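For reference, the structures are reproduced in the following blocks.
In what follows, chain A forms one complex with chain B and a second complex with chain C.
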Partner chain A sequence: MTVDQASSPAVGRPHPTAKAGRPRSAATRTGPSMTTRKHRAFYMFASPWIIGFSLLTIAPMAYALWLSFTTYDGISPHWHYVGLGNYRELMGDSVTWDALGRAGLFALLSVPLSIIAGLALAVLVNRPMKGRGLFRTLLYLPAVVPPVGAGIAFKNLFDQNSGAANGVLTFFGFDAIGWLADPYARYVLVMTVLWAAGNIMIISLAGLQDVPRELHEAARIDGASAWRTFRSITVPLLSPVLLFQTVTGVIASVQTIMPMLLAPMAGTGGLTTIPQSNYTYMIHVFSEYFALGRYGYASALLWVLFVLILIATGLIFRFTSGVVFYNVGPEAQK
Partner chain B sequence: MHPRAGAPLSRRRFLALSATGAATGVAALGGCALQVSTGVSGAGETITVMAKADDLGPDLVKQAQKDTGIVIKRVDYDITKLIAMLTSGNPPDLVRGVGAVDAAFYAARDVMQELDSYFATSSVLRPDDLDPVNDLWRYDGKVQGKGPRYGMAKDFSQDSMYWYNTAAFDKKGVAYPSETEPITFEEWLDRAQHLVQRSKGQTTVFGGSYNGLVKLTLMATMTASAGGSLFAGDFSKVDFTTPEARKALAWYLDYCRLKVGPSAVLPDPNGWDGPTYQAGRMAMSNNGYWMGGMIGTDKKLAQVSRLAPAPVFAGGPRISACQGGTGMWMPRKSKNKDAAWRIFEWFFGEAPAKARASSGWGIPTLKSLRPLMPHQEDFQKRTLSAQQNELKHFSVVAVSPYISGDAFESLFNQVATPAMKGEMSVDRLAGRLNSVINEQIKRGKEQVG
Partner chain C sequence: MTATSVNPKSPARTRIRVNRLVLYTALVVITGLFLGPFGWLILTGLKAPAELAAAPVHWLPTHFEWHNFVDAYQAVDFLGYARNSLIIATIYATLVTLSSAWVGFGFARLTAPGKKVLFGILIGSMMLPQMITLLPTYLIFAKFGMVDTYWPWVLWGLSSAPYLVFLFRQFFAGLPRELEEAAIVDGCGYGGIFWRIFLPQSWPVLSASFVIAFTWTWGDYIAPQLLLSTDHSTLAVAVMTTYVSAAGTPNTNLQAAASVMYVVPILLIFLVAQRGFVAGMSTSGLK
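So, the complex of A and B:
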């Protein structure tokens, strides 16, 4: 039985208060029932998304899966079916695993740092102070800058010969650093993510404003310090928000193409100027697709990444199930 | 009445209907996608041209309609979009391409239209008027430079030449290179080392840039300059271990390692030499005649700029190839070939070609347009003289049809970066390059069949 049926027991049967002079016989009940109409309404509202999801997600994924069993290069007439050949090659491809390792390292660095930074900013702008709205706006602004613009700004900021970052270093008598080359390029990449931590801040801020004020007041009356209150009340109540940010952060960081935007050249040519420490998984995928024209192999790479992300998400949920606190009523927990 | 009529729509049934709807949608979208060009020739038609805005701006599109009656719908050049359009059977009618690296690659994959019959009957683009650079757009099924024509260059340069800034040379007391006789690559590098200016870890002035147009043509032409060939006779393999290819490779690695100019280990955020050279932050810039279009607009820069012949290797032949030959080609599945050819003729032989020839942004690809090259001012006279002298040494250096320029570039930089930093020997790198590039060529050969 559906929730609708449970809450409307009379649907489909004559209502006990129905007038005796107007029996609802089969002959007069020509229109669809209320339940049917509700179902239709539900599917009508849901169908744009389902059709969009089928056309723009399921169909391309299925196409990519098919491609992953071929040697197709996008234009040549003589491609052929290779079964699991691409997947077998992938298993022994050290470039692929190195790129995946770099993507993992980037996620390990960027996700915790950006969550901590976003949360710290949220705590800061959640306090009563003058110009709070202005600070919230200013801190959120970088998050609405298009990644391409951010890439150009960071490229110029960290250019070895004319960038402001080295301008500051040399002003204080230090030697300039090749920020956009190995081994520093990785840290510039992390900085671009931290710069846009306003996204995380805004979600954390919404979470913070949901924390009941009386809990903080009770803790203060009990003599708890600000840190203890934050650790024992705020963080547990924010844990679902933090879990959400962790999951989406990991997915986004593994799929990042920001290294491409930090490369001196745009397009496929830019691939060749990405320093090795920023040659992450998605850059490898892009390179295999559009530089090497290996559509089959690149599709296999994407499918493997999809499965790995599913596994990683599952593991995150599994390992955090004991520490995430869902603030719901006892009825909803049944 | 259907037994299920009036019953609630089950989720399973709904999903089945959705899938049917989605499939119908895909088919409908495919149908829409086929209706780009009209397939009717003559004035009033619309053709799709995939080009950059620099090649075909809104003014030229308007002019095309005025001159030919044909409406051009320009789509931005994008390799991913091009492949999608080719795959869907809905290609543009004309596509921008780099003759040196694209012609053999696409012709071998049978996606290009042979244009010989069009050239044979054209009064605008007569075969006897075509500059030899257009041979880059020929492919006979095995070798680039011979056989049917698949496209044409809009203008060209001899891309191994270089510009130099006399002010930078004066400042460091370095002798100017000759404008008629080539120096050796070793001498070029030696000058670059003297010209580079550094301060506190920053390169304030690059001694010189030497990256060619793309690595594929750079390595192929440098190996040819050393007297060898990068590719085997049938283009099915590269060999970086031959003495000539090794010499070219070793020189380029020295260039990167010494950090005298931009490279993968010392990137220039401008992405190309123009702005850096114009700012006086580059003493020598490996670009051909076409960069004179930019230099000529800056009087001060023009006064101190000289165009020099392509360097040579000691004992090697004097070769000065075009590494680009950017132009256009017509996809075999173009739906409107006659109208596309009319625009092709107009673009390469009529008003736009004349405007390009007189702008100084490249050498015209029709011999008859040569007199239009700028030659009034001192800078223009000097540059034209150096260029005309260099044209005697022009040659087409063929590359393999089995590997794209992007693929070569990507693999080269991926493997060679440690060697550019001095962390890998030339011989070890040559072996690694042979391995990864030949693997890609092998895959390409299988695709071509």
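So, the complex of A and C:
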């Protein structure tokens, strides 16, 4: 990335005002030097983000960290400091570990599947053909549908009695399935993610269009098969995009609230109606906050999740560092 | 389709045609699968309650109950909830677009010690799980009496969004340097340069940013669910929670009709603003 290219005045062509501003001794001008003015201006421009990030991200996280050392429940004034008590309880809480396992399984299923689906769609609609713009738009459309719309759509699609999924099953002589209950609910959850694979399609498509045409032509002349070309040229060149999708996919899947939207009863009051197989870690956090009012314990859960996500992200980057191919030729410097 | 007509003279061309036929068939089937859930939602919204309870699934409604859409509109204060959604989304999208453009300008065109570190934090913060910060933020907003007000969206809007900051930074960094040099010689401050020179040049990004932020807020379920009481909530929350009969059973067909009316504006906005939307997505995904 070229962070400073456009912003450092002294690089490239020298300019009278830029020059005059550089040495401190150039005090012929009134007021602070150009450089100081520029520094101050930068902080003036960055301040909304710096202040907002401090107050609305760092402060709440610090507050949650403090709460995680207490027994605060939001109402009672008789809370007290318990040190690492909540974390100790968490270590021995099988509900927490099961919920974490379910979140992990969900990420393990939904992230690779949606990346494969998105990549496959991208390759399909990247071919020169009539109407591909229309196909791209239609395939991407579900990714624009807000979670509430997706949740209600899938609830109706997989309804035990009136859903199309069971309609197809019974049409072929199979028994109807309670899709939204245990143990099938988790597959419906994964399917809601796959439905939005158009997201990954669009991002991969942008990457595919950056793949130099000559590479494909050279491969074809050498007699490489389509699959071979895909595996040896397309995938390596797309690997930074795929890595990015993996990381954001894992983070998104861990914090999804879709189980709440697929539950028989909506809202924080319906948390107890979520089937066991969709009781993920994030849902566990919500239950501890809103169904049980255990703010301290729930905050400890949040911090553990935060640290686990950092570790997972670090591991993903580490394990892919040898595999991901960054094209840093002059072309990529644009 | 002409692809089915076979030219016996050239086997290679025939192969290409068959390939193309297979490709089109596959695409049509896949697209059908992707549109299916939404199609089913519309069909559900057109059925009578008795039909939804019928034992073998009724694929098509025997009678299209178009009045379900009117009923869904009248059963709850649909317009009121839609208005709340519109107000919140407009407030947030306007503020966050301006603040992100402002911050993006700083990162694109100015230098200062610590800028690189700050930029690293900005990019890193895009990966912060928002749900983790939302819950304690809600507790803090509750402490300051901002529950059931629009203040949270004003504050979120003013503090800019890293994703949009990045979008603006990329755009501003690509503009020629002469733009501000002439203005500096004329004695114009950076605030003026931003406001009078850069902002008027950036309509495409401004509108893309507004559309993206608007659809985020319109689609957001959890923040209004936590921060607003049911009466003052947004359409997302209302569609999810209010279509229940007096006996507590869900009004499935009305809810389906309502959710179609809730989703369609977003789909229309997307179709109109498609280019900026997709361009923004691709930039963020690649860098």
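As a convention for this text, the second predicted complex is superposed on the first by the 301 of 334 C-alpha atoms of A that agree within 3 Å, B and C clash if a C-alpha of one lies under 4 Å from a C-alpha of the other, contacts with A are read in each partner's own complex, and residues count from 1 in each chain.
Going forward, contacts are C-beta pairs under 8 Å (C-beta built on N, C-alpha and C of every residue); 3 or more make two chains touch, one makes a residue touch a chain.
Everything numeric here is computed off the predicted structure, so don't read it as measured data.
After superposition onto chain A, the partners chain B and chain C occupy overlapping space and clash. When the two structures are aligned on the shared chain, A:L67 is found in touch with chain C, with no touch to chain B. When the two structures are aligned on the shared chain, A:L121 is found in touch with chain C, with no touch to chain B.
Shared-chain residue A:L55: touches chain B and chain C both.
Once the two complexes are overlaid on the shared chain, A:G101 sits clear of chain B and of chain C alike.
When chain B and chain C are set side by side, the one touching more residues of chain A is C. Of the two partner chains, chain B is the only one that A:L180 touches; chain C does not reach it. Once the two complexes are overlaid on the shared chain, A:L139 sits against chain C while remaining clear of chain B.
When both complexes are overlaid on chain A, the residue A:P212 reaches neither chain B nor chain C.
Applying the stated contact rule after C-alpha superposition, one finds that A:S162 touches each of chain B and chain C. By the touch criterion defined above, A:G314 lies against neither chain B nor chain C after alignment on the C-alpha atoms of chain A.
Shared interface residues of chain A, touching chain B in one complex and chain C in the other, are 39-40, 43, 50-51, 55, 59, 74, 156, 159, 161-163, 166, 170, 266-268, 289. Of all the residues in chain A, the ones that touch chain C in their complex are 1-9, 15, 17, 37-46, 48-53, 55-57, 59-61, 63-64, 67, 74, 121, 124-125, 127, 129, 135, 137-142, 144-154, 156-157, 159, 161-164, 166-167, 170, 195, 198-199, 202-203, 205-207, 210, 240-241, 244-245, 247-248, 251, 254-255, 257, 261, 266-268, 282, 285-286, 289, 295, 298-299, 302, 305-306, 309, 313. By the touch rule above, chain C contacts chain A in their complex via residues 20, 23-24, 26-27, 30-31, 34-38, 40-41, 44, 47, 51-59, 99, 102-103, 105-113, 115-116, 118-119, 121-122, 125, 127-133, 135-137, 139-140, 155-156, 158-160, 162, 165, 172-175, 177, 181, 184-185, 189-191, 194, 215, 218-222, 225-226, 236-237, 239-241, 252, 255-256, 259, 262-263, 266-267, 270-271, 274, 278, 281-282, 285-287.
Listed in rising order, the residues of chain B touching chain A in the complex are 6-9, 14-15, 18-19, 21-22, 25-26, 78-80, 83, 86-87, 106, 109-111, 199-204, 214-215, 264-271, 281, 404, 406-407, 409-414, 417, 440, 443-444, 446-449.
Note for the complex: chain A touches chain B at residues 32-33, 35-36, 39-40, 43, 47, 50-51, 54-55, 58-59, 71, 73-79, 95, 155-156, 159-163, 166, 170, 174-178, 180-181, 263-269, 271-273, 275-276, 279, 287, 289-294.
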